[in-house]
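For reference, the structures are reproduced in the following blocks.
Each of the next two complexes has chain A plus one more chain, namely chain B in the first and chain C in the second.
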Partner chain A sequence: MNDMRLTEKSVEANDTKISARGVQVYYGDTHAIKDVDVDIADQTVTAFIGPSGCGKSTFLRCLNRMNDTIDVCRVEGNIKLDGDDIYDKRVDPVQLRAKVGMVFQKPNPFPKSIYDNVAYGPRIHGLTRSKAELDEVVEKSLRRAALWNEVKDRLQAPGTGLSGGQQQRLCIARAVATSPEVLLMDEPCSALDPIATAQVEELIDELRSRFAVIIVTHSMQQAARVSQRTAFFHLGNLVEFGETGQIFTNPSDPRTESYITGRIG
Partner chain B sequence: MTFGVLLLIIVAIAAAGYVLGRQRARNASGGDTRRLHSLTGYHGQSVMLFSAVPALLLLGLWLLLQPMLIENRVAGMIQPGDIPEGGSAELVMSDVRRVADGLDLVVAQGALNESDLAAMRADLTNVRSRLAEVGVAVGSEISPNVFQAAKEYRRLDTRFGTAMTIAVIAVALAGFALSLRRITPEYRARNVSEGFVLTLFIASSLVAILTTFGIVASLLVESVHFFQLYPAKDFFLSLTWNPQFRGGSDLGIWPLLWGTLYVSFVALLFAVPVGLMSAIYLSEYASKRLRSLAKPAIEILAGIPTIVYGLFALVTVGPFLRDYFAQPMGLGSSSSSVMTAGLVMGIMLIPFVSSLSDDIINAVPQSLRDGSYGLGATQSETVRQVILPAALPGIVGAILLAASRAIGETMIVVMGAGAAAKLDINPFEAMTTITVKIVSQLTGDTEFASPETLVAFALGMCLFVFTLGLNIVALYVVRKYREQYE
Partner chain C sequence: MTDATANQNPAHGALTTTDARTRRRNAAEARFRLYGQIAIAIGIAALILLLTSVLSNGLSSFRQTFLFLEVTLDEKTLDKSGVRDVEVMKKVTTIGYGKLIEKSLQSAIEEHGITVEGLTDKDVSDMISKEAAALVRNKVLANPDLVGQTVPVKVLANGRIDGYLKGRVTMESAERDSNVSPNQLLLADAMRAEGLLVKSFNWGFITGADASELRPEAAGLGIAIIGSAYMMIVVLFLALPIGVAASIYLEEFAPKNRFTDLIEVNIANLAAVPSIVFGILGLAIFINVAGLPQSAPIVGGLVLTLMTLPTIIISTRAALKAVPPSIRDAALGVGASKMQSIMHHVLPLAMPGILTGTIIGLAQALGETAPLLLIGMVAFVRDFPAAPPEGFFDPAAALPVQVYNWTQRADPAFVERASGAIIVLLIFLLAMNAIAIFLRRKFERRW
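Take a look at the complex of A and B:
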C-alpha cells in the first residue's frame, strides 16, 4: 500500500463514545451480523471496510436505530452510547437520532430550498430561538461543510438543483446543523467525483474535532486517508479492528490481508 | 347470398392465401428458407392481408353507401301528394322501407311468389291486410305510389346485393392472385405485414381522437343553433333560469353554474381531507397486511354505481341532515339540499383522492424518508415537512381529477339536491346543477328546435370547456411532478 506514513499518525487515547457487545442482526431468517464487539472512540474517525454484503452498513444503521424502520429486521445484543443502552425501552429512537446523525450513500436533499434543508433539523428539534440564530446555525453548518461560498447567494434556490457533490455536502451540512455527537456516514463519496470526494474527505477530518465519525467505505485508500481506526467486516463477522496504520500495514488476520491486497472482495 | 356467407367466403380465401403463400415462399427459396428476406409465415400473412383487407373495406363501404343510393333513386317516385298533412318525406320513406321489408317476409313465407307480386297493385289489393297477416303493421293505407316505390326498393336492393357479392369476391381473388404472384425470395413480406399492424394501431388511436372531435363538433353545431335562437348575452349574463315551453323563457346559466360549483365545492371539502388523511395512513403508517386489505376496500367505493349513491342521499342522508341540522338551526325544511348531494358525492370521491394520493406518496423515494429520520424527525414530522411537500403537485393533480368528476356528476345531484335552479348561499337549500338541467331539458315530449331544448347543448358545451380546462391543468401539474425524481 502507498500509505506507510499512516503508522506515524497519532492516535490519542480518547474516551469510548459507543460500545457494542455481542450484536446480532437478523433480516427475517438471514443472520446478517454475527456477534460483533466494537468500541468507537470519541473525536476519532472510524472506518468500516469489507466486501459488499458483509454487513458494515447494517451495523452502521444499528447505531442510530435506523433498522427500526425495516419490519423484518431484528437486533440483539448490547449497544451503549455514553454508557446508556440505546435499545432500552425508555429510549426514544427519535431523540437518539438527533444525537447520532447520518449521511447517506446517495445525496438525498429534501425538495426544499438550500436554507430550509439545513434548517430542517434545528427547526424540528427547536434548537434556535430566533430567526437570526437560525440564520447563524445555517451559515455555520454550510461553512463547516465547505459549501457556504458556493451557495451563499442562492440560499432560497432548491437543494435538488445543486450538483451531486454539492448535494452531498448539503446533506452533511444538514446533519451537522443538528449538532450531533456522533456522525454516521454510509459510503458518502460513492456518488461523487474525485474533486468532490477530496472536499468531503477534508471535511471529515475537520469534523473529527467535534464528533465521533464513523464512515463506511469501499475505498481502502479512503479508509486509510481519513480514519484513525479501521474495522474489517467479512460475511457478517468483525474480523479485525484496530488502528488504521496497523490494519493496513500489519494485519493480524490472513483474511484482512487478502482483502486489502485485493485477493478477496 | 347473405352477408354471413359472403364473409365466410372472404375468410376462406384469406386462409387459403396464408397456406399457399407460405408454400410458394418455401418453393421460391429452393428448399433453403434462409435465402428468403422474410420468414415464410410473413409471406403467408401478406397474401392473407391482401386478400382479406381490400375486400372487407369494399364490403364495408358498399354496405354504407347502398341504402343512400337506393333511397335517392326511390325518393323520386314519391309525389308531393303522397305526403300526408303534417308528415314529412322522411316519414313516407320509412313507410316505403317497412313495406319493402314486409313484402320480403310475404315472399319468404310463400304466401306470394315473385311474379304475383310484380302483378299486384295497391289500388286493387288490400296490401295492408296482406302485410298484417305476416306481422308487419303499417300505420295508414298504402298509396299506389308508395307501393310502387317499395317494389322498386326491393328490386334495387336485390340487384345491388348481387353486384356487391360479385365485386367483393372479385377484389378478394384479385388481391389473392396479385400478392401470391409477387412472392420472391427478395420480397419484403415482413415489412408489409408489420406496416399493416402499424396502420391498425394508428387507426385504433384515431378512433378515440376522432370521437372526441365528433362529440365537440355536434355540441358546437347545436350550440350555434341555440345562440341563433337565443341571445348569448342573456345566456351568459342572466341570473334567472326559468324555461317556459310556451316561449319567453329566461335561460341564464348562472344559477346552474353556481349550483354546480357549490355542490362540487362541498363534495371536495369533504373528500379531500378524508381522502388525503386515509392515503397518508395507508402509505405511511398502516402495516403491509392492513394496507393490502384496506386499499381495495376503499376502492370498492369507486365501483358503486352513482344511482345507488343517489338512493343513499335520498333516503338516508337527506332526511338525516334535515331532521338533525337544517330544521333545528332554522335553515330550511327540504331534504334535498346542496349539503346532501355534496356530502354523498364527497363519499364517492374519497377513493379517487385517496387511491391516487396513496400511489403518489408511495412514489416519494425512501431516501427522503431515511434522510428525515436520520436527522431525528418523527414520522409525523417527516410526513408533514418532507413527504407531503414532495408529493404535493401529484396530490393537486389527484384533487383536480376528482373535481372534474364532481362537476360532471348527475345522478347524485338529481336525487340529493333537487331540481330547483336557485342562486342561494344556504347549503341546506335545494339547488341544481348544469348536468341535471341538461337531462331535464332533453327528456320529455319536446320539440327539438326550440331554445328550451337546444340550451342543453350550450350547457353541455360550457361543462365540457370547464372540465377540459380542469383536466388540462391536472395533466400539466401531474407531468411537472413526474420530472421531480429521476
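Take a look at the complex of A and C:
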C-alpha cells in the first residue's frame, strides 16, 4: 500500500451531483441497505468497496433505478440528482437512465455490429438528426472509450467478436454515447485481465473530466488507484465515506481498517 | 521423505492394476451405454418398419393405370342441334359419353386383333373407370368444337384392372370377385402388350377430389390438401400473434401473483388436454353458438388454433427466458424503455426458438384428426373450395381425416390410397420441420 499515488491526487471541492439521504432498500423481507447517506461529487471518481453481499451494487442500482426491474425490491428514502428527486412519481426512469449511464460487471454488448452498439442509445433518444451526426457521435464515443483505433476499420463487425477488454470498452462507449452526466460502473474490470484492467482504469480517470463516475469494485487497489472518494459498505451499512487517501491510510472505523488490511471480507 | 512407501495410502493399489471397485464402475458404465444403444436401436427399427410398411403400401398410389383411346365424339349423340351451345350440350349426361368411350374401346380391341374367349360387351365396358365419361364430358363442355372429331384421350382404367397391374388382384381372386372376371384380366394383359393399357404418374391423386366407394381409381387428395393448407393459414395467422403476444406479456410485463400463477398452470394443463375435447368445444361454440358452417376450414383452423396456442406459448416463453438477462440490463442501462428492450433485443434473440415452437405446433395441428371429425370435416366433399378468403367458409376435407376416411372403406384399393395419403402428409411434415431447422440456423446468433 506504500506505492500508491493517492496522496498526490488533489481532491477538488466539486459540486454535489447526487445526494442520497436515508436510503433503505428491501428485497422482500431482507433489509439490504440500511439508512445510507451519501453525497456524490461531480467530476470525481467515487469508489464503493466492501465485502460480497454488502449492498454496494444494490445501492449503485438505486441511482439509475435499475432496481425497478426487480419486483420484490423496494426503495425508501431520498435520492436527488441535481436537486431533483429521482424517485418522484413524475420521473420516467427511461429519461433518468439517459442521464445516468451504466456499465455492467460482465461485458454485455448487443449481438449487433460495433457501430450499432454505440449508436443504439443516441438513436432511441433521438440525439442526432442525421447519419453524419450519428457517425460523429459514434466516433467520439469510441475515442473516449479508447477503442477507436482498434475498431475503426471494422465498425460493421459484430460487437460480440471483440476480446473481453474490448467488449467492456465498447460497453463504456455505448454508455457515454448518450452523453450521460453520471456513469455507474458495477465491477467493470472483474471479468478482465490485468492489461485490459489497466486500460479501463486509465479510461475511468479520463472520463472523470466530464462525468461523475461511481465505481463498485472488489479490488481495494483498484479503488485506491482510480478514485478520489471511497465509500465502505458492510452488511448494508455505509460504514465510512471520505477521501480515498484518508480511508486507506487512516480509517476512522475499526471495521474499515479490518477490511482494508484483509481481516474481514 | 526418506521412505516414499510410507506415505502411500494403503487403500490405493498400484496404478496399473484395476481394483474391484473400478471394475464395477466400468461395468456399470458399459451396461448403461448398452441400454442406450438398445433403446436407440429399437427406435430406429420401429421407424424403419413404419416407413417400409407405409412406403410399400402407398408408393403405388402415385402411379395409376390408364387407357389410351381414340374417341370419336359423335355429333348425333352429343349435340343434336348442331349449334354447339354449351347449355344445350349439358343435357347429355355421362351415360351418353360412356357409350362413346365403350365403342372406341371395342373398336380399338378389334383393330389390334385382340381376342379373348367368352368376353362379353359388359366385360369390355367395365374395363373403363366410371370416372372416364365425366372426364371426357368436361373436356367437351370446355371446348365444344371438339364435337365431330376423333380425339385421343387418356382415361382411368377400372380400379380392379389397376389392382391387377399392381399385383393386388390375381386370377384366383378374380374368380371369386363379382366386380372383375378373369376374362377382363386376360384382356388387360393383351391390351398392355399392345400399349393400350399403360401405368403412368397419377397427378389426379394429388390434385383430384375424393371419389365414391365405387371408383377408388379416381380418388384424390386435392381437396384435403387445400383444406389442410387453409387451416394451417388460419392457425398461423391466429396462433402466432396471439401466442407471442400472450407469452411476452406473461413473461416480461405481468406481475407475479396468484392470478398469473393460475393462468400459467392452466396453460400448461391446456397443452395436455386431449384434442377431441377441443373438437367438442369447437362444435359447441363455433358451429352451434357462432353459427359458422360445418366442415369449413375456418372452424377447423379455429379449433386447431386453440389446440396449438399452449404449445406456442410454452415454447415462446422458454425462448424468452433463454435470452440472457444481461442483454435486457444493457438495453435498460442505456435508457431503452421496457418495450424497446424487448422489441429491439430480446425478441430477435428469441426468434429462432419462437419460430421452431410455432412450426412444431403447426406440424402437430396438421396431423390432428380427432377434433376435425367432430366439426364435420369428415364429410364427403366433391367440390373444391373457392380461393381465400371465401374458401375458408366452403366445405373441405383435411389430410389426416382423408386417411381416416379411406381406411374406413371396403374396397382394398383404398388401403393403397390411404397409405399414399400418409406419404403426402409425412412429406408435408418433413418439409415443415426442414423449414424450422432452416429458420433456426438463419436467425441463430451468438451472444
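Remarks
Here, the second predicted complex is superposed on the first by the 262 of 265 C-alpha atoms of A that agree within 3 Å, B and C clash if a C-alpha of one lies under 4 Å from a C-alpha of the other, contacts with A are read in each partner's own complex, and residues count from 1 in each chain.
In this text, contacts are C-beta pairs under 8 Å (C-beta built on N, C-alpha and C of every residue); 3 or more make two chains touch, one makes a residue touch a chain.
Everything quoted here is computed from the prediction, not taken from an experiment.
Aligning the two structures on chain A places chain B and chain C in clashing positions. Contact with neither chain B nor chain C is seen for A:78 once the two complexes are overlaid on the shared chain.
Applying the stated contact rule after C-alpha superposition, one finds that A:121 touches each of chain B and chain C.
Once the two complexes are overlaid on the shared chain, A:171 sits against chain B and chain C alike. In the superposed pair of complexes, A:190 makes contact with neither chain B nor chain C.
Using the contact criterion defined above for the overlaid structures, shared-chain residue A:258 touches neither chain B nor chain C, since it reaches no partner. Of the two partner chains placed around the shared chain by superposition, neither chain B nor chain C is touched by A:249.
When the two complexes are laid over each other on chain A, chain A has residues 64, 66, 69, 71, 94-98, 101-104, 106, 108-111, 120-121, 124-125, 160, 171, 174-175, 178 in contact with both chain B and chain C.
Contact residues on chain C toward chain A in their complex (touch as defined above): 255-256, 324, 326-337, 340, 344-345, 349, 445-447.
Per the touch definition, chain A reaches chain C in the complex via residues 64, 66, 69, 71, 94-98, 101-104, 106, 108-111, 120-121, 124-125, 160, 171, 174-175, 177-178. Of all the residues in chain A, the ones that touch chain B in their complex are 64, 66, 69, 71, 94-99, 101-104, 106, 108-112, 120-121, 124-125, 160, 171, 174-175, 178, 184. Contact residues on chain B toward chain A in their complex (touch as defined above): 287-288, 365, 367-378, 381, 385-386, 389-390, 484.
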